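Shared between the two complexes below is chain A, which has chain B as its partner in the first and chain C in the second.
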Partner chain A sequence: MDTKIVFIKDTNTKLDTTRDFYAHFLNLLRENALEDKVQVVRIADIGIYDQGLVVKFPDENIIYANVQDKDLKDIIAQTIKEGKVIKELLFKAQPKQLRIVLRNCGEIDPENIDEYIAQDGYQALAKVVSDYKPEQVIEELKKSGLRGRGGAGFPTWLKWKLTRETPEAQKYVICNADEGDPGAYMDRGVLEGDPHSVIEGLILAGYAIGASKGYFYVRAEYPLAVERVEKALKQAYDYGFLGKNILGSNFSFDIDIRLGAGAFVCGEETALIASIEGRRGTPRPRPPYPSVKGLWDKPTAINNVETLANIGPIILKGGSWYASIGTEKSKGTKVFALTGKVKNSGLVEVPMGITLREIVFDIGGGMLSDKGIKAIQTGGPSGGVIPKEYLDTPVDYENLQKLGSIMGSGGMIVMDEDDCMVDIAKFYLGFCVDESCGKCVPCRIGGYQMLSLLNKITESQGKIEDLDKLKRIALAMQKASLCALGQTAANPVVSTIKYFEEEYRDHIVNKKCRSHKCKHLLNYNVIQDKCKRCRVCVINCPVNAISGDKEAGFFVDPKTCIRCGKCFEVCKFNAIAKE
Partner chain B sequence: MIKAKINNLPVEVQEGESILDAAKKAQIKIPTLCKHPDLPAGAGCGLCIVRIKGTPKMLRACCTPLEEGMEITTHDPEIVAVRRTVLELILSNHPNDCLQCGRNNNCELQTLVADFGIREESFQKFLPDVAKDDSTRTIVLDAQKCIRCGRCVKVCQEMQNVWALSFLERGFCTRISPAGDIKLADSPCIRCGQCSNHCPTGAIVEQDETARVWELLQNQDKYCVVQIAPAVRVAIGEAFGYPIGTNLTKKLYALLRRLGFKAVFDTNFGADVTIMEEGSEFIQRFLHGKGTLPLITSCCPGWVDFMEKFHPDMVDHFSSCKSPHEIVGVLSKTYYANKKNIDPKNIAVVSIMPCTAKKNEIIRCEEMYASGCQDVDVALTTRELARMIKQAGIDFVNLPDEDPDHLLGDYTGAGVIFGATGGVMEAALRTAYFLLNGKNMQKVELNQIRGLEGVKVAEIPINGKKIRVAVAHGLNHVEYVLDKVREAEKNGEEMPYHFIEVMACLGGCVGGGGQPYGVTDELRTKRAAGIYQDDQGSKLRCSHENPFVQQLYKEFLGKPLGEKSEHLLHTHYQARPVYAK
Partner chain C sequence: MAKLMKNDLDRIKQAHQDTGKDWIKVGMSTCGIAAGADKVYDLFVEEVKKRKLDIQIKKCGCQGMCYSEPLVEVRVKGLPEVIYGRVDKEGVMKILDKHVCANTLVKDSIYELRTKR
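What follows is the complex of A and B.
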């Protein structure tokens, strides 16, 4: 047995009892002659807050919360020696979450099909191939109100119906797992944690639209997801869930994997199709939509990973059950990748209609620092920022759009007063400029021009008319770009200007970045009262911008200074001011 | 039929027609820089956006089909403002050297910028650092001027099936280039020039050789002769405000003399000679079984290049006869030089061609030097000639009509129809009929093989035999015909055709890559009509009737496919690598 690593941490910030607990743990290990086999590590942050003593087995991803000294015996006897999970101690997902898509993630062994089957896996498929006509599957989906989780929120039943109704013998279904938003990993979580749920959804989609072939388009940067999907597919074939005459029915269906080479735009459905066909991954005009002319010009339904993971439960529990969750127009749940300045970051699945405040404060455990919340960014590079005034907005497709952002695929980044809105806009726009396919003018040149304007503004070269230029180009991008990447690439800029125009003006007119993020707008000065004349800053300055003598004091020459922050870092007396 | 409203005016169009085309019925020309009537919509520029009632988005007119009941607005302040911004964005990525540009005064981008009254540069200029590629010495690719509309890529890949041009890199760095970032000369490029003909800006233009011609004309030691190709005469007028398709043959003769050429010949004469050779070749193969059938025409250098690179298994099918202007070239430096007692080394032959590939053909292989020196010295395109006329300040419109110089200048109707698709075949059949029957056809027009359909097939009964022919133009139509031949060969069946004509460019030479810009099917049809009119007005309409051709054989060549003909008028073909390195 290799050395097993165990992390421990007292997540109650006020009273840290880790030390005693650690000693106790070690004693018990010694008594069990396990001291050489188990290494207990006290770590500074475990990503969980206010849950008492937390014990985590990182290899198995077992997390016990609110552990008492008395529980340690059981942990050693059962988990360390036997490898068993003690259910009562498990860290429980936050109560406001509702897990449909993530129902099995972290609960079952993703590489073991039997465990998936034990959780009612492939029951929906069995039910459908024996009792349902394809139209009935679509009808059930219509009842459920499920909308595409890839971002645009197109009703899934309608997409399937249109594909089904296009008269053509050969049809295809594709699972779009080309997740690429920075900071988002919902699809990855599902594919790595519960690949069979997506495969079952894809087979059901094939059945409903009358396709005999499906593709997984997975980005190659997700090697574990690819490996797990490959394994899961093999298992599904072995069990007769894929291949000829599935479960003894007349329905035959095959699935292949295609790896994406990492272009963000290949998540756009027509570019994705081009990529599978071996062509340059650029979008083409729609119509015709893929439901009419898709892969190899055949009717094709393309669905996102999360959408497909919802299908099984909807079939098993019924469309009306699903429709009972959520808001009037947005049904069911949505998975978000909650990150940023929030205590509990990670994948969360919540019913539609929950407020942003509930997500951040109840599920996310509130802000990481004592700096107040400033805004929430949703929808990744296609989305926008939502300022704190709108925290009580119920989350659904329409509301987020009204606020100038989008649901997107589910990125959610919490920002505090240390985050500069111009810098955020620049980051997201920079991503889209890098990822533009280059096919059409508004996106290819518009994005580049906007980015260069933002660079000017954050480098103290901005002019007030640049704001109008930004707005003008943004409008052209939104109205005249061919695909959603270009149409939405300006959103982060538009929404930050909408809510934080003052901050832009501050950068441009006063040459100030109030969040101290834009280094060209910073000024370093020596606070003479605090300065001990030790000359450490003078010695460390890489460009000799600090001069003076012990009598007159030391001064930073703003013209020479390159704003590297070295003086600020090395001063032991906090005598360097950053403003 | 689809009924909808454009700017509140009711319109009715066929199902599938785009909003861009439908708008023309409401007297609206929606601006675009990437859509070309020859090509499917590429949706590259974003200028053609319109508003459709009921959707918050603006949609692209070029690729959105009109649907029943749609209500479309093609212009309002916001639409115009967005188009203006898009145009300014294009400008920010395009050099400002209009005055030195090959498309100055004739540039779609320049025109739109003028129309939109853009008077200042709102956005910072970012120009790609890319060098010009003039490696082919026929067309020059200046990627800095490229607006990435994708027309050339579509032309090269879809219309011509050559795949020399493609997009490299992505995002802001996207650029056109041969795949693998190699030189155009090392790529599969066949120099057809269709990319230059479809480019909206000056990113791809012909290699300008007018200066060389001026030098030759100035050189006192040189005896400069010139010839004009059939398709030039019906297109040059477009540069001088004539209605499309006007036949200006006789003005061109006068013009060329005034430019300083000592003898003015006509490629149509060479076409008549080609028919004598190629027609005899056909009879040899068809009647006497000497050589492979079907016989495939070889007067189009783009097609020859394409075949040698992509279909070398067809080498034996090719007519070994040179193209008409090479024939005039070699005869100028042998037959004519003899007669006039001029040292061939002092003769300079300039060919005025509708074609960029001809610039490459003149140095194609050793047979292009059959006279002992390079048979044709310079090949100019129609566009270059138009510029020379303007440089010389000649009032082209008011020139008198003149006749060509004898020996190599007089032609029959069969010679002139070489300029349109199907023309070579029609001319050859007129003479083949005579060779087989001993008399001329009663009706020489073969309407079955005229027109713009991509592949035309016909069965011509001659003397109890049926000659099956196929005519293809636009290289994407060739494979279909060749595959039929291969299939029959493989299965040991009778050949589907006896005779195949191929022209690389859509419409044949009238739609050539060196012709005036703005080619469309309408232009091709009108230019072709000008050519057929010339044929119809000719007294002699069969090549074998040309008295000067008869004199040529009598006094110099002997007989078609004779020893001298073979030496001077024929060439060879060989497989060539698709990529040079």
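What follows is the complex of A and C.
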């Protein structure tokens, strides 16, 4: 008889008793003389959280949760010996993730085109060039309800239709892989794990629009992604998926790579076009939109990496299949880069309509520390923060917008009580101020002025009227900036003021930062009762701000102290207070 | 090489059908490589050659669980497909000694179980 495999894991976040349970399990097996027939395996993560002890039989796919020590006898007697299922203990795990874009990531060798073909790769292309008219491709996309995954959520079919209908002989398609949001790396994951899916999407886009030339605009900071896309393009040319008469049809298509030179604004479509044309990457007023006048003044469709990776499966499985996933207005799935103070950070792909709570607690495994969740930041520097009260909101384009944030490209940063919201707003705004191209005044001056107001607030110089000033400048930036960078740069500030005005007031009126982040509002002190007079803080202080002796105790001089936090770190007795 | 036609696609697909052979897959995206996946991959190749094992070492992209890179997925006949996380030099040896050679799963380092699709 083969050995039976049992996985065990204590899913309580606070106290992990897996080892005790393991010992107990082995003892019981020995009593039943089963120790050679059953292989008990402690595993590091079972994909279920906060459900007590979990026992899983992988062969039968039986999962028991909240197992008590006393239940073990039943499990051994019934499930292991007789193969019966104990209904009371059964845990029905709903798979939360659904992988369409990431379908091949981590499955296939990204540098081997044959492996992609083995997973039905380029089948959609073969189907389209032999059986579909370009209009039919657009029709299928309309049925699917796919919206642009770059952040704004413009319907992809409409973008393609408008580009197709503009009367011009030469048209272009561009894949926008200039992913620049801090904390977001979905596109990198796809390009490195499955570059052919994006290439296939781009060829299909070219076919639907009537373009003969496509560009990959990849940021130069992703050398591995660039290398893999280059390899993949070469393989696609060798196999005849690119070049003249693709798969024996009349359709010809070429793709070139352009490297982004490191400016965040080049992710904006008109700046991206300028950058490809060899000009300085600055946006221009729209209209005319790129679908009418884009690259070299020809109609151009620009799609995000993730949007393009969706096209193949939609063509193969049909638009109505895709439309069956998600919410009424937002169809399909979305890839998020889950980061911040969450246990399992990484790439997750979930159907639209899942709640933020499910993403953070069921997929992400909950918080990293025992500090409670405070907010979730979505959409990077163009987005906003969503406080914990709205964790049960289903995720889609409209809902996130209503909350003052945006879907964005898919960065999702989890924050706990240690994160100061003023500091967060300052960080994102600072990013946008650095990255502003300077072409239009509201963004160039407005961003700078808002940032100096925020600096004032965090340096204890804030006045209560600064809040109104911030709001007014933000409104001006939103209304008058030339491109989305400036229009959205104020979003992190606006949304933090909206939900955490109390915290701003605390900084301004009480000169206190409740998360102890803003160092100008902090004071370090020695707690005399806890201090063991070991002098470690005195030795480590870089500016000699701590003085005193063993009899009188030690004191921090606030005038000399630079709030570096070194004393707090080195004290073994928690005798330094931060307030 | 000759350009492909539509039925060539099916031919390639057939040729790459799963043969049920044992393999080890190492996640080699930026996140994995940053955590040391390239060293893990090289060590697997070297050790498998040294021990003359009949198992294929493959590369793949990011599996999504960036918190536990480097990730190594192992398929050996008779055992469930599992993904080991935070694999280091020692982990490579354990996987080869126990999982591949002795049909025993390595404890405390499995991060995900693949349910068959």
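Descriptive notes on the structure:
The rule is short, and it goes like this: the second predicted complex is superposed on the first by the 469 of 579 C-alpha atoms of A that agree within 3 Å, B and C clash if a C-alpha of one lies under 4 Å from a C-alpha of the other, contacts with A are read in each partner's own complex, and residues count from 1 in each chain.
Just so we're on the same page, a contact is a pair of C-beta atoms (placed from the backbone, for glycine too) under 8 Å apart; a residue touches a chain by one contact, two chains touch by 3 or more.
Just so it is clear, the model here is predicted, and its values are computed rather than measured.
In the superposed model, A:Glu107 lies in contact with chain C only, and not with chain B. Shared-chain residue A:Ser452: touches chain B; no touch with chain C.
Considering which of chain B and chain C touches more of chain A, the answer is C. Of the two partner chains, chain C is the only one that A:Asp238 touches; chain B does not reach it. In the superposed model, A:Asp178 makes contact with neither chain B nor chain C. In the superposed model, A:Ser130 makes contact with chain C only, not with chain B. In the superposition on chain A, contact of A:Lys439 is made with chain B only, not with chain C. Of the two partner chains placed around the shared chain by superposition, chain B is the only one that A:Pro285 touches, whereas chain C remains out of contact. Of the two partner chains, neither chain B nor chain C is touched by A:Asp419.
Applying the stated touch rule to the two superposed structures, the chain B and chain C interfaces on chain A have no residue in common.
Those residues of chain A lying in contact with chain C across their complex are 2-3, 5, 7, 39, 41-47, 56, 58-59, 61, 102, 104-111, 114-115, 117-118, 120, 122-123, 126, 130, 185, 188-189, 192-194, 222, 224-225, 238-241, 243, 245, 247-248, 343-349. Contact residues of chain A toward chain B in the complex are 263, 280, 284-285, 287, 433-442, 444-449, 452, 469, 472-473, 475-476, 479-482, 487.
Interface of chain B with chain A (complex): residues 41, 43-47, 49, 57-58, 60, 62-65, 78, 81-83, 85-86, 89-90, 92-93, 122-124, 126, 147-148, 150, 166-167, 169-174.
Of all residues in chain C, only 1-6, 9, 12-13, 15-17, 25, 27, 29-31, 33, 58-68, 71, 73, 78-80, 82, 85-86, 103-105, 107-113, 115 touch chain A in the complex they form.
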